[in-house]
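Naming follows writing order (A, B, C, D and E), and every chain is counted from residue 1.
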Amino acid sequence: AEPLRLGVVVPLTGDLQSYGVPGLKGAKLAAQEINAAGGVLGADIEISTGDSQTLPQAGVDAAQKLVNLNRVVGLVGAMSSGVTIPVALSVSKPNGIPQISNASTSPKITSLDDNDFLFRDIPSDAFQGVALAQVVKDAGVDKVGIIYVNNDYGEGLKDAFSTAFKDSGGSVVGTAAYEQKQSSYDAEVSRAYGDGSTQALVLIGYPQNGQTILRQSLEGGKFDRFFFSDGMKATDLITNLGAQYLNGSLGTVPQAEAGSEAANHFANAYKKANGELPPQPYIDTAYDATYLLALAAAKAGTTTDSTKIRDALRDVAGPPGEKVYPGEWAKAADLLKQGKDIDWVGAAGDEDFDEHGDVAGTYGKWTIKDGKIETLEVFTPSK
Amino acid sequence: MNDKDGVRPVLEIDDVRGGYGGVDILHGVSLTVNPGELVVIVGPNGAGKSTLMKAAFGLLQINSGQVRLAGADITNISPDRLGHRGMSYVPQERNVFPTMSVQENLEMGAYIRKDSASAQMERVFDLFPRLKERRKQPAGLMSGGERQMVAMGRALMIEPTLLMLDEPTAGLSPAFVQQVFEWIRAINAQGISILMVEQNAKQALGIADRGYVLATGENRHEDSGAGLLANREVAQMFLGGR
Amino acid sequence: MSAIGLYHYGLYFLTTAGIFGILALALNLQWGLSGLFNLGIAGFFAVGAYASALVTGPATPDHWGGFALPLPVGVAVAMLCSAVLAFVIGAATMRLRSDYLAIATLGIAEVIRLVIKNESELTGGVRGMSGIPSPFDAHSGLVMLIIVAITLVLIYWLVERARVSPWGRVLRGIRENEDSALAAGKSVTRFRLQAFVAGSAFMGLAGALYASSIGFISPEAFQPLYGTFVIWVMLIAGGSGNNIGTVVGTFLVWFVWSFSSVLTDLLPADMATQAGAIRIFLIGLLLQVILLTRPEGLFPERPPPLIGRPRKAADVDKTGTRN
Amino acid sequence: MQEFLQLTYNGIILGSILALGAIGVTMIFGVLRFAHFAHGDMMTVGAYSTLAFVQGFGWPVWLAALPALVTTAAVAVVLDQMFYRRLRRVAPVILLISSFATALMLRAVVQIIWGPDNQVYATGISIPYRVLGLVITPDSLKVLGGAVLMVIIVHLFLSRTRMGKSMRAMSDNVDLARISGVPVNRVIFWTWVFAGVLAAVAGILLGVNTRLIPTMGWNALLPIFAAAILGGVGKPYGAILGGLIIGLAMNYSVLFIPSAYKLAVAFVIMIAVLILRPQGILRGIRL
Amino acid sequence: MIQVDNIAKSFGGIKAVDACSFEVAEGSITGLIGPNGAGKSTLFNIVTGFLKPDSGRILLDGDNVAGVPPEQLFHRGLVRTFQTPHEFSRMTVRENLMLVPAGQRGENLLQSWLRWARVKDQERQLLDQVDDVLAFLNLDHIADTLAGNISGGQKKLLELGRTMMTDARVVLLDEPGAGVNRTLLATLADAITRLNRERGYTFCVIEHDMDLVAQLCAPVIVMANGSVIAQGDFDTIRRNPQVIDAYLGGVPA
């Protein structure tokens, strides 16, 4: 049969370039596993890559080429909503190509008029903000300062967090947005520190600059207690900064309810294929997205009809059906062949698409203990 | 005039052709300056006089022919090496460093000197007292004539064996023109050879040992200064007749 | 690769190149003709895009605007906003040396981007603006291409005529020597301002078309250094001062930019992760080669034809200046 | 007051890094009359080549910096020989575009070799000193020391050699400089060596102060240009002042407006200076 | 026609022009001479609006125009040349001249876009006019050369040519003769005289070539150190000991 051609649009250059390659590796890992386990309907998955250069124009161009010239039937990506949405509007939607973003958390995507071709396997940032507020509150902290990355991810989380946190009686003393291009963040730290009554810093961002912000917070003696969003869940951060400083810090991350088995499988498989799993988020989601497209193709019985693949996405992603986990391609393919229903539980979570193509959030609460990241519990934030 | 038999010319320009990259401007020009000589080039505007000077000083692509300094081939040599060989040159246009002060301009003239140039600077200041008054003023803000003085002064900061001047008196007041000519004669008398382009042709040829008339990139006439002045055709065509 | 895929990609490619072409022509009006060193292209482009999106987009609680007016209105508003902005900036900076104007406009573009990012009441902030309509809902289809193509031809015609006209002559004169232009009674600031404002208005127009063709805009689309530089590269590679060159340069550079991935796709699989960087490296190298071999661009500037006289083979001296 | 002092100190640290970058930019502009857009990426090269020696041989940063300075200077000279030298006779804007291309290439090379992720010279944080309630970290002192040292070297270079004057002469009138015997090519060579060294030091200090990523230099370029302009282009001492002003202004700005506008403040100041004092703040001061 | 009334201008500590007063009478060819740095060019810059005087008045037809910008003065018939040629270097010699005339329709962008035929008409006439000037100045063979690539003397001629492209009433020439070949200089002098006689141009000429001054100018004004030290016809001036001392340097002109 025809190979299943999938396209991955990631930023390999430009501002968010450090997320591109790991995400790409995640997608490729899934393809390798599936191909090794017999492929989709007997055919291999072929992954083509497009460099979004972190720019909407370039991202759309890359997607156009993937769809029109490489004839891919499904897209994974892109990173930021600023690229994901234009790609969906000018490529996926008009060409009828299912697109699963592994990283865009903007609430805008939920309501986007995309003819149901745009999905994402990462929850909208509205949920995580609530989860994070709950974690902070449960830790007995009432007054916080927030530093967030000034993009749609950061702002969305910050808004959701602040609202939820205030609703539960907490107060936000200082808030500062940070621009990724800057090299020093003392001023932002001061601003978040506010009048000095803050008990902890809530840091919503990415490790690149997050590392600098933490360092300057610690060195400046302003904060020594931290709460992190998923973007900050990174072992690198701990080694670079020194474990003792981050002991007891808490964070949230979208995570599968079934516990960490799926995630562990993924981490091990990644390690085997590419070496240590890097700190960046959105690798597991890229992996899941690729799996989901492949499962949908297997379910739809076609590697070429993108609309049918889209139609099958919800079936394979959610209940009813037998749960299948990362690394269980052969089993899944078998079940599908027998006409049975399956329910994918991914490395990053349950990944059950709702009517908007969004996934609900269950969140892991993680902490840093003796230089290691440990998951304490998985929970559904109470609205 | 010296007897030059057996003496090597200071500067020989031998059948030089060249231009600014496109068409040739010089179509085989030849010229000689013997030691201690004062040679003047005259000719209509656009004849190629300045071009010839630039060619001699390595500022122009020479396509054929040769330039020799004291017998050594210096064709297409880089201009920053010529100072060390005793050549000094005042271009017609853009001949000062506009944002540098008068004094700094003069210091730039002495750039290749190893020894102190202060004595020479005093001499230049004696010649052009105005420059001394204005030693701190940026050269680009000087009047046209004052700039010309700076340009001359700069070239005199080394004591060259060959001094090349492209219209040194343009824009100078009559008193200065007179003075500059006298002074050119004086340094020439010290044994410095001089090659000079002038539109003040009568006066220039008056003090010249020899003169060349250039037109449309070719040699037209060559004679002693007095000889050219006496030449009716030259006077009619190139010196303004009267 | 299928024929239909090629066709669709072709539509998209040409539409995008056409929008870039409008930007490059506008820049040629400013730099090529008038020596106005505008490094704020992305800013004017962004203002046009947002202005048009605000008036043509659907009503939304997320930000101001959303009047759902037709595209021509959006275009007009875009041009007006960019022009007004250019006028304000220009009135303050037209006196500056060209390299100062460059850095000033570069800074202004960055400020504009930050304002767009942070004033979310007005612009939707980092979330961007979605649902920007395009005529007949043809975001990257044939209709959009036709609209862009017609606009490109029109702008070409306007800029070319401006170039050969006495107006262009005055501007080239100002570019060469301000004092002389003043002594000839030309109001340097007024002419410059006209060129700056007209060029910026065209950039705004390009922004409006871009917003309409892509349907969603966010601050990321308007990176000052990046967005601006691509246009400069197009202009210089094609030949600044030469409108044909500008358009050819645009298409060529965009082609190279876009299709350099074909080269890096040939790399062995384990190099795939470096492919993006290698591609950028190749783009840089190619640009260098163009500059080294054709420093005046593929089509160097030529004095315009004498419009009052039937064309004859004007043998213009094209040698470089050395003194 | 306390906070103000802290912002001042932090502003000076940031400012001195910007200043080093700006001196390089301003010197290149002074001699060759074009804005060198690859300067930020030369900083990146300096920072990463230091990292290579730190990681490869386990050297301390200051030692690893030495070969890195040489490397960066060599890169600068090679770039000049390969590209810029051939474009010197054409309009400066061509050089500017060429340097943009160079910037793309350098960044790509760094990314190909070292990958796109965060890197650090040394892990852990440095325990700060507290002086009068002011938080002063050892790293920031290193940055300050490095910057001051470089400024002294720049000063000696310009005042003790004829380079300063040669550079100015060339920027005024290249042909006349050559006529006067200025070895133009040599001056250009040394300008690039020096610019390379300055860029490398700025990049290393930036890396010490924060971390290394391939876009670090490119992202620092705009404020560096702002600093160079502010000081009056072509004036190294002005660039130092410009860097400090930009650094301080960016830090103080958070007292008044949202921190996301920090960079905008740098530009608004710069533009205001351009309009009110187009020659930069330090018109009178010369090399 | 032009009255310079007690003008002063200094740069930093340097008094370039100091209490300078004189008059350029309508229809005259007034010579302005004086040692280098006397302030002649500075005065021109003030009269033509390129510099603002520190004090004093410039009367043009009785109106004080001190500080009026140059482009406006041009439209009042005041035209100048520069001492160092200010050509438009990357434009052809012909374009350098075509640019000058005022009131060109095509200078209005909208007219250029919308009324092309009329713009074209006007260009046609302009070209003929330019051809005449080029022929007159012996520049016709280099009409299509870029002005940056012509010789120093040719640039001076071009400078003069630009003043011939207008309906000037007063023309201020800053050293039109410097660097111009003597043969051509005679032609140039003729041209100035003819423009003066036939078209009624008033001239004010800075010049260091005494032959030219003698032939052309009456009256002659002598400046030194920023103010007028003598004026009158050339023969009187040349015998003025002060002038000889400051300027002529004992040369019998």
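The criterion applied here is as follows: a contact is a pair of C-beta atoms (placed from the backbone, for glycine too) under 8 Å apart; a residue touches a chain by one contact, two chains touch by 3 or more.
In UniProt terms the chains read B, E = ABC transporter ATP-binding protein; C, D = Branched-chain amino acid ABC transporter permease.
What you see is a predicted model, and the numbers here were worked out from it, not measured in a lab.
Steps from subunit D to subunit E, taking the shortest chain of touch contacts, total 2. Comparing the chain pairs B-D and C-E, the larger number of C-beta pairs in contact belongs to C-E.
Chain centres here are C-alpha means, and the one lying farthest from subunit E is A. For the pair subunit A and subunit D, the distance between C-alpha centroids works out to 37 Å. Separation between the centroids of subunit C and subunit D, computed from CA atoms only, is 30 Å. Remark: subunit B and subunit C have CA centroids separated by 50 Å (rounded to whole angstrom). In subunit A, the residues touching two or more other chains are 13, 15, 17, 20-21, 150, 177, 179.
Subunit E has residues 142, 149 in contact with two or more other chains.
Taken residue by residue, subunit C touches two or more other chains at 114, 117-118, 276-277, 279-280, 317, 319-323, whereas all remaining positions touch fewer. The touching residues of subunit D, counted against subunit A in their complex, run 3, 6-7, 10, 13-14, 17, 108, 111, 115-118, 120, 123-128, 130, 135, 137, 206, 209-211, 213-216, 219-220, 250-251, 253-254, 258-260, 262-263. Partner subunit E is touched in their complex by these residues of subunit B: 20, 43-47, 50, 92-93, 130, 134, 137, 141-146, 148-149, 167, 170-179, 199, 201-202, 237-242. Subunit B meets subunit D in the complex at residues 57, 59, 78-84, 89, 91, 94-100, 104, 107-109, 111-112, 154. Subunit C contributes residues 158, 161-162, 165-170, 172-173, 175-177, 179-188, 194, 198, 301, 303, 306-309, 314-317, 319, 321 to its touches with subunit E in the complex.
Touching subunit C in their complex are the following residues of subunit D: 35, 82-83, 86-87, 89-90, 92-94, 97-98, 100-105, 107-109, 111-112, 175, 218, 221-222, 225-226, 229, 233, 258, 260-261, 263-264, 266-268, 270-271, 274-275, 278.
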